[in-house]
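In what comes next, chain A is part of two complexes: it sits with chain B in the first one and with chain C in the second one.
Now for the complex of A and B:
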């Protein structure tokens, strides 16, 4: 525990970059980011020790406030440490782009952000938790707002701030209800909170709403696709990769320790919300043209998968099958780690592309593979992982999620529940397929083909630190994809040991070798098969003398131009057609010139995919609020005399009331 | 004491009818003199010292300082010629009468002894009339008069009900009034400089 304090101290030192003198700002940046790297490495190694059971553990008590580290916390400290290290190394190079644009503030707040997240996870009482949570929210707001010269950045940042404070308010209410039941705010006491069922439902609802908002589940996700593109890339990597997981951590604490999952409806709600978020998230991701918005919606999708697995585990616990729920909860942890790795990697590569070309719009990219081979390779690994292809970390988590669903399906005694599981499989299957399409589209349009604009011409490979940050994540993804067993076992052990105290059961049998009813996933087996196939193909095809003849592509007798390539919008057209009852795209066609029915035409085509939740849910609520406020203004006329009149009326009423 | 109450009632009724700034300040001064005398009489039961200090304070602050400051202010204000209240003067007089009845009803309810009941009714009437003056008058000066009337009413009520407040409380009350009036006078002065009038309805322009 004391060593974690050391890491927090290093983050604190890094925060001091805020007060370095202006002429030393580059030095401040390097020192501060370097401290962040060292502190994150410390967090990483300490949490690894903790997970392996070699850590000192324990708690640190300061009066009524305490810091505690247990298994559940250690799993999330691992995420913070791992991604924190890689992204901080990347930030060493990437942050240089902000030289002269408040770089000291960026570096200092970066440390504070990481430190506050570590503190949230370590918090041992509600007060510390909320304090750290609020620091995290405010610092991330400031980081999102970093390029405050741009109007849309300010808009996105304020939207984020409003939303995140709504979430904090909900969590505060939940803590308040629990705390008044337990007459204490220490987590140890909150676990024994005596609540009436109604209060318990309210507490659960508030906690779920608060944490779902922070993790961007639909329909509370609206801040996410706006805030992530607005923030500097390494900040969006950290927000998407790590901050969203911190919300999962908090939700887990509530469910495992404070509220319990014994009510069937809780699990059902969490699972359905998760599934819907997963499906709609990836659907919207396939429609976007902005690289970072694609990634942001993909975060919604992956958080949806994590919460669907969580809900599945909660349902199994509610059905008294907790030895099976361990699969689902392991899926939560494993997919959290995996998503953190791959999302950080892809946000970093989006930052690299932006750095090189100055745009996030994939329609203006293309052919980047030749200009930035390393970045392209890392992005490919990240995209494969997000599309959950074999040999990558992304598959492991989704595999476990599906296994969890399968155990739910076998245990489902009632037809309604079976229907739900079928629905879940359909949605998860669609999600997987759409995610594959989405990342083929992202990678194909941005990195393959030929350039779509002249912006690509000035692209160049990134400096070493940035490549190093991306490379670390890519290596971790591959390692986890090929050898998932150590991590999965460690995560399972955490769940068995600490919060749930689940009877261990034959977990490995279920997951690894396949029981009677479960499928088998063994990366080595697939890899060997794949290598054999490759070798066979190489032998049979490679033995021939291949004649290479280079020529332009046959294009009905015309010279193919760059503009004839697939565009990102065109690529997702079939999806838009298939799901237009959900997406409701708005098309606008204006003819600028129309001399003839078939040629000589120029037209302006505008396609918009409005966010249905904004249109259907947030706008009406906003209207109602504004109208209510307008109604209240009748009382407030701005006349002093009227106000005195109110006092007078109040006084007469009080006097009469007193006289009665 | 009874005579003082009758006088006080008379002065308050006059106040509801006076529309000219100087005269209303004079009426306020007269009212404060009566309150000071009542204060002296009520205090004599508890010893001379306890009577003299509030008396002197009332005299100093409410009879001399505040009216002087307000008269000085009136000299500076340019548009003191004609004042119309958009609500008829008669209404405020009638309201004052209604408040007096209301005060007696309340006093009856609280079952005070007859002597106290008179003063209680008078103070309730002063408080409510003070508020009514503030609501019905547009001019800032007249509103200040209303405020002081209200203040006098509260002070007298406290004096009667508790049979003499502790000295510290009295000092605090006087300081409050003093500061309120100083601020109000300054504000009114600024207002007449910026808007060329002390009609508070123009303040509506400030509303966002």
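Now for the complex of A and C:
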């Protein structure tokens, strides 16, 4: 525990970059980001020790505030440490682009952000938790708002601030209900909180709403696709890759320790919300053109998958089949680690692309692979992982999720449960295939083919620090993809030791024999066979006579132009049409010139796919609020005499009431 | 382990050698039913040999992804063939049905990237449609796995082999079989979803993606897709076809059936595929509930 304080101390030192003199701002940046790297490495190694059972564990009491580390916390500290290290190294290079644009604030707040996330996970009582949670929210708001010269950024930042505080309020209410039942706010006491069923339902509802909002589940996701792209890229990486997982941590703490999963409906709600978020998230991701918005919506998808697995585990616990729930809960942890790796990697490469070309719009990119080969290779690994393909971490998480759902199917004696399982597999199938399409589109349009605009001409490979950050994540993705057994077993052990005390299934490596099911996933063997065959076939292309280079692609006898390539919008057109009843695309077509029905036309064309939740849920609510405020204006005219009149009327009413 | 690897490799080699023959038989069936003489059933071997000897022409716009894609496609098809149950003593324990699906998805991922890399409208069109079809197919595939897995208590393909004593022409067996047949047609770019015979840009999906490939790379793609079709036929025969016959006979019968279905149907409009695959999904859902 004391060593974690050391890491927190280093983050604290890093935060001091805020007060360095202006003329030393570059030095402040390097020192502070360097401290973040060291501190994150410390968190990483300490959490690994803790997971392996070699840690010191324990708790630390500082007045009212207390810090505790246990298995569940250690799993999330691992995520913070791993991605924190890689993204901080990347930030050393990427942050330089903000020289003269409040670079000290960026570096200082970066440390504070990482430190506050560590603190949230370490918190041992509700006060510490809420304090750290609030610091995390405010610091991330400031980081989102960093480029506050842009009007869009400010809008996104304030939307984020309002939404995240709604979430904090919900979590506060949940803590208050639990605390009043336990008459203490320490986590150990909250676990024994005695609540009436109604209060318990309210507490669960508030906690789920709060954490779902923070992790961007639908319909509470509206801030996410705006806020994450608005932040500087390394901040987006940390927000999407790590901060969303902190919400999973909090939700897990509530479910495992405080509220329990013994009510059937809890698991059902969590699972359905997760599944719907997964599907709609990736559907919107496949329609976006902005690289970072694609990634943000894909985060909604992956958080949906994580919560779907969580809900599946809760359902199994509620049905007294907790020995089966271990797979689903392991999927939660493993997919959290996997998503953190791949999402950080892709946000970093989006940052690299922006750095190189100045745009995030994939329609203006193309052919980047030749200009930035290393970035392209790392991005390919990240994209494969997000499409959950073999050899990558993505498939490990996805496979465990599917197996978790399968354990539910084996127990689905009840007909309504059978319908739920069918629904789950349909949505997970759609999600998986759409994710593949989404990242083929992103990678193919941005990195392959020919350039779509001259912005690509000035693209160049990234400096070493940025490549190093991306490379670390890519290596971690591959390592986890081909040797998942150590991590998966460690995560399972955490759950076995958790307060839910899930009995250990027969779970050797990734060979799983639990309940009635037998499932095997042997990535190591897949890799050996795949590489052997690949090498064999690649050798047949080795000789110079086999491959003859010619000038241009065949194009029916004409010279192909760059504009004849498929665009990202065109690529997703069939999907847009197949799912138009959900997406409701709108197009604007204005004819600037129309001399003839077919020739000499000039038109302005705009395709919009507005987020339906914003349009149909939030806008009406906003409208009603404004209307209400307008109505209230009638009684609030600003005249002192009127207010004295109100006081008098109120007094008279009180006197009459009191007399009765 | 070593023994099962040997068996699996042998199984993949046998399937690889038979795949062009099965494709030839489908083509011959179609020809006979259309009152044509048609090419020999060994024609596919000659075609592969022809492409193998020809040089590969690559455009200057492409990158290494374009060259790697056909190889990865063939590799994933071979790996899928190694995972199939039932032919020899045992298939390799790479993984279960989900891993089977995702191994094939790896091949699709790279083929679509390769199609976008050729930098023309043709490639992109093929890739875009391929993704569209795969999105619609995937729920049915997942339900097909769910149907058999919840019946036999395992997601391993080798455990899912159809059990005639318990599962002989029952409602779920028949519905599952029909639905899987529909899925198989869509997954392997056959009529009525895609037309494997034409190179007209209005109809083609798979052919559209391969348009820019030539020579040895083209032979890899064709071999890969023929092997993929044979793997699906084996899967259909051993997992879903409720007939107590040897697997080779079942594969031959289903190949003839594909030929028959192909001459009876036209290519359907691209956006009608949604309805076609919804039918498969509904049938599978009913089969699961009826179980």
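Going forward, the second predicted complex is superposed on the first by the 619 of 660 C-alpha atoms of A that agree within 3 Å, B and C clash if a C-alpha of one lies under 4 Å from a C-alpha of the other, contacts with A are read in each partner's own complex, and residues count from 1 in each chain.
In this section, contacts are C-beta pairs under 8 Å (C-beta built on N, C-alpha and C of every residue); 3 or more make two chains touch, one makes a residue touch a chain.
Remember, it's a predicted structure, so these values are computed and weren't measured experimentally.
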In the superposed arrangement, which partner chain does A:135 touch: chain B (first), chain C (second), both, or neither?
-> neither
Between chain B (first) and chain C (second), which, if any, makes contact with A:169: first, second, both or neither?
-> neither
For A:402, is the partner it touches chain B (first), chain C (second), both, or none of the two (neither)?
-> second
Quick one: chain B or chain C, who's touching more of chain A?
-> C
Kindly classify A:648 by the partners it touches after superposition: chain B alone (first), chain C alone (second), both, or neither?
-> first
For A:485, is the partner it touches chain B (first), chain C (second), both, or none of the two (neither)?
-> neither
After lining up the shared chain so the two structures overlap, which partner does A:553 touch, if you call chain B first and chain C second: first, second, both or neither?
-> second
Chain B versus chain C as contact partner of A:541, first or second or both or neither | second
Considering only the touch criterion stated at the top, classify A:436 as touching first (chain B), second (chain C), both, or neither.
-> second
Residues of chain A that touch chain C when the two form their complex = 367, 369-370, 380, 384, 387-391, 395, 398-399, 402-403, 406, 409-410, 412, 415, 418-419, 421-422, 425-430, 432-434, 436-437, 440-441, 443-445, 448-450, 516-523, 525-526, 529-530, 533-534, 537-538, 540-541, 545-555, 560, 562, 564-566, 570-575, 577-578
For chain C, which residues are in contact with chain A within the complex?
-> 55-63, 65-68, 71-72, 74-76, 78-79, 82, 92-96, 98-99, 102-103, 105-106, 108-109, 112-113, 115-121, 123-125, 127-129, 131-132, 134-143, 145-146, 149-150, 153-156, 159, 211-212, 215-217, 220, 270-271, 274, 281, 285, 288-289
Listed in rising order, the residues of chain A that touch chain B in the complex are 637-642, 644-645, 647-648, 651-652, 655, 659-660
Contacts from chain B onto chain A in the complex sit at residues 102, 105-106, 109-110, 124, 127-128, 131-132, 134-136, 138, 143, 200-201, 203-204, 206-207
